[in-house]
Amino acid sequence: MTNSVRPSLRENNQLRNVKITRNYTKHAEGSVLIEFGDTKVICTASIDESVPPFLKGQGKGWLTAEYSMLPRATNSRNKRDVSQGKPNARSQEIQRLIGRSLRSVLDFELLGERQIIIDCDVIQADGGTRTASITGAYVALSDAVSYLLCNSLITKNPLKASIAAISVGIYKGVPILDLDYLEDSNCDTDMNVVMSSEGLVEIQGTAEGTPFNRQELNKLLDIAEEGINQLFIIQQASLNSK
Amino acid sequence: MTNSVRPSLRENNQLRNVKITRNYTKHAEGSVLIEFGDTKVICTASIDESVPPFLKGQGKGWLTAEYSMLPRATNSRNKRDVSQGKPNARSQEIQRLIGRSLRSVLDFELLGERQIIIDCDVIQADGGTRTASITGAYVALSDAVSYLLCNSLITKNPLKASIAAISVGIYKGVPILDLDYLEDSNCDTDMNVVMSSEGLVEIQGTAEGTPFNRQELNKLLDIAEEGINQLFIIQQASLNSK
Amino acid sequence: MTNSVRPSLRENNQLRNVKITRNYTKHAEGSVLIEFGDTKVICTASIDESVPPFLKGQGKGWLTAEYSMLPRATNSRNKRDVSQGKPNARSQEIQRLIGRSLRSVLDFELLGERQIIIDCDVIQADGGTRTASITGAYVALSDAVSYLLCNSLITKNPLKASIAAISVGIYKGVPILDLDYLEDSNCDTDMNVVMSSEGLVEIQGTAEGTPFNRQELNKLLDIAEEGINQLFIIQQASLNSK
Amino acid sequence: MTNSVRPSLRENNQLRNVKITRNYTKHAEGSVLIEFGDTKVICTASIDESVPPFLKGQGKGWLTAEYSMLPRATNSRNKRDVSQGKPNARSQEIQRLIGRSLRSVLDFELLGERQIIIDCDVIQADGGTRTASITGAYVALSDAVSYLLCNSLITKNPLKASIAAISVGIYKGVPILDLDYLEDSNCDTDMNVVMSSEGLVEIQGTAEGTPFNRQELNKLLDIAEEGINQLFIIQQASLNSK
Amino acid sequence: MTNSVRPSLRENNQLRNVKITRNYTKHAEGSVLIEFGDTKVICTASIDESVPPFLKGQGKGWLTAEYSMLPRATNSRNKRDVSQGKPNARSQEIQRLIGRSLRSVLDFELLGERQIIIDCDVIQADGGTRTASITGAYVALSDAVSYLLCNSLITKNPLKASIAAISVGIYKGVPILDLDYLEDSNCDTDMNVVMSSEGLVEIQGTAEGTPFNRQELNKLLDIAEEGINQLFIIQQASLNSK
Amino acid sequence: MTNSVRPSLRENNQLRNVKITRNYTKHAEGSVLIEFGDTKVICTASIDESVPPFLKGQGKGWLTAEYSMLPRATNSRNKRDVSQGKPNARSQEIQRLIGRSLRSVLDFELLGERQIIIDCDVIQADGGTRTASITGAYVALSDAVSYLLCNSLITKNPLKASIAAISVGIYKGVPILDLDYLEDSNCDTDMNVVMSSEGLVEIQGTAEGTPFNRQELNKLLDIAEEGINQLFIIQQASLNSK
């Protein structure tokens, strides 16, 4: 690819600087600060030795996710959900996506009758908070699983694959990877892609302006795959360290 | 295609029987009962001569959507949102999708400073309630727009294109169209596709079991396009009648 | 009686056209669409094999009712209860009336330790939604009871009587039966009467304008009784069909 | 009438000891403690120099009512509404009745563009809290109206009539007046009657056990009228004092 | 001390007239009306033969407190918590203080596995509602404990000490005791002091205007101690009567 | 003082390691990460060019504060407020304290008609979260005020003094400073002290076990003053840097 037209000056298929800090807080079984450029999310994985009612007594586990933003994670201050009296619809949609994605790489029989609760709290937002959340939560989940293995609470690893996510979009007619806030606000089509090491897990593409066609879709998926393969490497490097 | 393996005995690329009844209730400016087989949704379009605060005084309009199910639309009774004390997360996600989709075919300058509120209330559910909702809501919206034109409240048609939606999925390894509840509960990947007459507007695909690949994705989109083209014809026929 | 002064041109003691469609939706044990003229209510009866906490372990059953309107059942759109954050006071009052009325004709010992949940959802309103709800819910309840008998879940019929309801009011000084919206908005006194085949079950009369006297009350009850006896016949005819 | 069969040993048509204490608290424009035997309700009338949105700029006033019980007003403690997260359905029904009743005796043109808020807070309950509330609230309302007249905020009395309420019921086959809790829990039919000095304003009768007939209804209304006429005298005596 | 500068004309270290009426309502095990001048609070103590989940099966008891105001207890009408949709922050803070204070004088082993619920409902407010609540609630609690002893539900008195509370503040540079509303609104520093017969239990001091120093703090505590010792005598006199 | 008996091995009057990181996130006008040992709080100050309704048009400003914890800031996971349906009572009490404290050092005339919103979000808790919040929020507030001055939105500094807070407690009979979670859970009396450079602003002391006396109170205040003077130095050093 040639000279970038992106406000960020990145190549069209270039990720932002991705940084993963494990053991970011001390109480959670898995705790990660993930940074996609200026987007910063604290992802924790908490082990809860009980399961939701619909799973009681079946010997199988579960994973749920919650997503939230600090009020001043964004350029103008957001009201807290509780002062609005109800959960934020956008947050709920994102936490459902995070939960579905991570559940797809867990073997719940091997996990046993316990629940893992993922919390993704955005402390600074600059686009791509949901993809950073999924990518970071996988590392926190891995650490929580290691905790279970090290403490002999389970004997076999319930993680079936690694999983990561990235956004792609069409900006001034050109497909670009990992959009920051400025790029996201001005693109025509934007799509979030979640992949495990086994294949596509979720795609959500929306035409913000003009509709898109099959050719554009395919180009977007090409660069998304590239980007996610790089995220797999960064995740693994982080898990191998220390 | 050959003999079907579907529980519904339909061809893999065959829609259910789709039926659209206009003027289903008398108060709304647009009111449609849409049936995708046993899935039945009342879609109304209400004109509200005011806009949300963020648009006040700009001379532009807006469209919002709400989606809900009657408690006994499903096989076992669901509690009403209000008795749960908060909106249902799944419903909110669906109504955001309906709203985004329909907004993509409206010219808000031509609509003028007024709002159209779409209500999709499922009275019987058998899979595909969100795609039936979008498809039916377009017809209700068209009737509401006609009302505005007939009453000289606007002078030019703000509808830029027609829009419809369908679900596709991989069932026992085979891509199938317009899944009913039984098929949906047993498929591996399921995807909702929203298209306007100008191209793709939204795709949301999820691997419920094993991940999917690019080839499968393309096959799913092929039959989705076919199905949506049929829905365009059915919508138009309905709008031409009476 | 002589020439009507009613906007509806009906005789003063004349019901609107009443139509009952059984098996209106497929999932509920009893499901009825009842129409009192332009007022249309979906009434379902759902069997729940559990009882509220205060009845646990006593071998006796219960019945509860919920009442709601679709947002555009009325001339101007109503906000959904959940977006208001609390149940609508008028709806709660009506559902308490529906519940009390139907409980009065059920033998809870014979029903056994299970609950029947009545849902009355108004899809189009033109006055008399609560009386149509009670009248239609009785038919749905009868079908749910038949389901219990046919499936040998109970051996004796717990229904002690039939029950129906109608509104009456004083319009331009004249007592009239079964008020539509226009009549209801312009009448002085309006009263809802619930009767079982054994006698009066509930009367709720309100002077909207000038107070009423005992003589007027008696005239209103006379025509209400007439009307309810006709409803009993229509209910029975519907239950005998098919 | 002869020897009473009532647990309270009262005559069948005998009120409990009714006591009205005006100026019970110091801040409200009207403030009354009303006692119907052991039922004690604080009724206040507060003047609010604004009206609900639907009346803005029309020069007309309004009256609203709220009803609540202290948690230990009853034999076993009730949870507060706010800890339940929603208003109590029974309380809402009662406050709607109180509001409707008092509005029927007010001329809102004469009241001018202001609102009167009635608060009825039960501090001890022993049956008949809603009828005591209406009866006491009328006295508080009269005091608030006097305040408006004395301070020249209005020039003509907007009160068109006096209003009071009483309960009647069929206890062991006998019609009785002003039921206390023990009588109320064991009666077959119970009815609340609201009358102004101009006639019947509201009747709400419910068959708790066996249905009732027209003859019984008439007997109940006979003793209700007697009782309310006594309440009118007690209200007037209280308003004349001091 | 010399001539008072207080609006109330009281001596600087003088309590308002304190009056305690036991058995104020008939249903609660302990029920007290306490008056600190024009501040009037109904304090009830209700025995609940169950404990919160975190104490189940441990043989120990608990005490919780709730605090609320009638809407027109104050000069301008307050909205009810339930119509605000959430508990009032100030009320919650006060009820937490009341609960902590009374728990400090109870031996929960001797109380046994049951809960005492304190309700403090302000019917008229003129400053010092929280201190009146604690002082009155102790008397209601004593009566509830007597009930348990008299009915042989417990054999040893779980009350370890008496407890009372008073407010102090710096008004025009002078430390004063038991502030009424007018004094409270115009003072610089105000402090609530809770003491049991064994020592200080809670102090909460706030500089409303200019900060305070250690000397001022000590003077405030001197007069608070004096005042609380008088309250102990008034409480005991009330408990000895009848 | 001699050898410590504290679990933390600190001297009795020794603060934990206090660290202040300014400009911690990029969007807020003031943004600080403050660490009191393992307690970590993000404090942001957001400028809002509007004021609450009660201040409209008066030319004066306001400051409000919100306090919250991430779900896994603590040893076991806490549910989010929004999933509880209401704000947490402890959080509300803390945020009221933070707001009152910071308002005491602001001249609202000089601030002009605008609001500063303080958000304190605990990302890791180990005792003393409210005192760390106040101490850190002062630095964030200073940065927000500098922003207003630098951008010529105000011309004179509205900050009248610096402010900080610390906890003290009696642990095994000995007064200690700045309690961590382990010390806090095992101490008898614990007290939070807020001081500005002008004197005491707020003290809140609670006897968790045995009551405390005036001598103990004075010793606690002695070491609190010492500690707060050190915090003033640390705040100032941080503000001088960069």
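By letter and in written order, the chains are A, B, C, D, E and F; residue numbering begins at 1 in each of them.
By definition in this document, a contact is a pair of C-beta atoms (placed from the backbone, for glycine too) under 8 Å apart; a residue touches a chain by one contact, two chains touch by 3 or more.
Note that the structure is a prediction, hence the values are computed from the model and not measured.
The minimum number of touch steps separating subunit B from subunit D is 2. With chains reduced to the mean position of their C-alpha atoms, the one farthest from subunit F is C.
These two copies of the sequence, subunit D and subunit F, are related by a rotation of 120 degrees on CA atoms, to the nearest 5. Subunit A and subunit C have CA centres that are 51 Å apart. Measuring from the averaged C-alpha position of subunit B to that of subunit C gives a distance of 33 Å. Of all residues in subunit B, those touching 2 or more other chains are 85-87, listed in ascending order. Per the touch definition, subunit B reaches subunit A in the complex via residues 86-87, 89-90, 92-93, 96, 100, 104, 195-196, 198-207, 210-214, 217-218, 221.
The part of subunit D that touches subunit E in the complex is made up of residues 25-28, 31, 38, 40, 42, 44, 46, 48, 66, 68, 70-75, 77, 80-83, 86-87, 117, 119, 121, 123-125.
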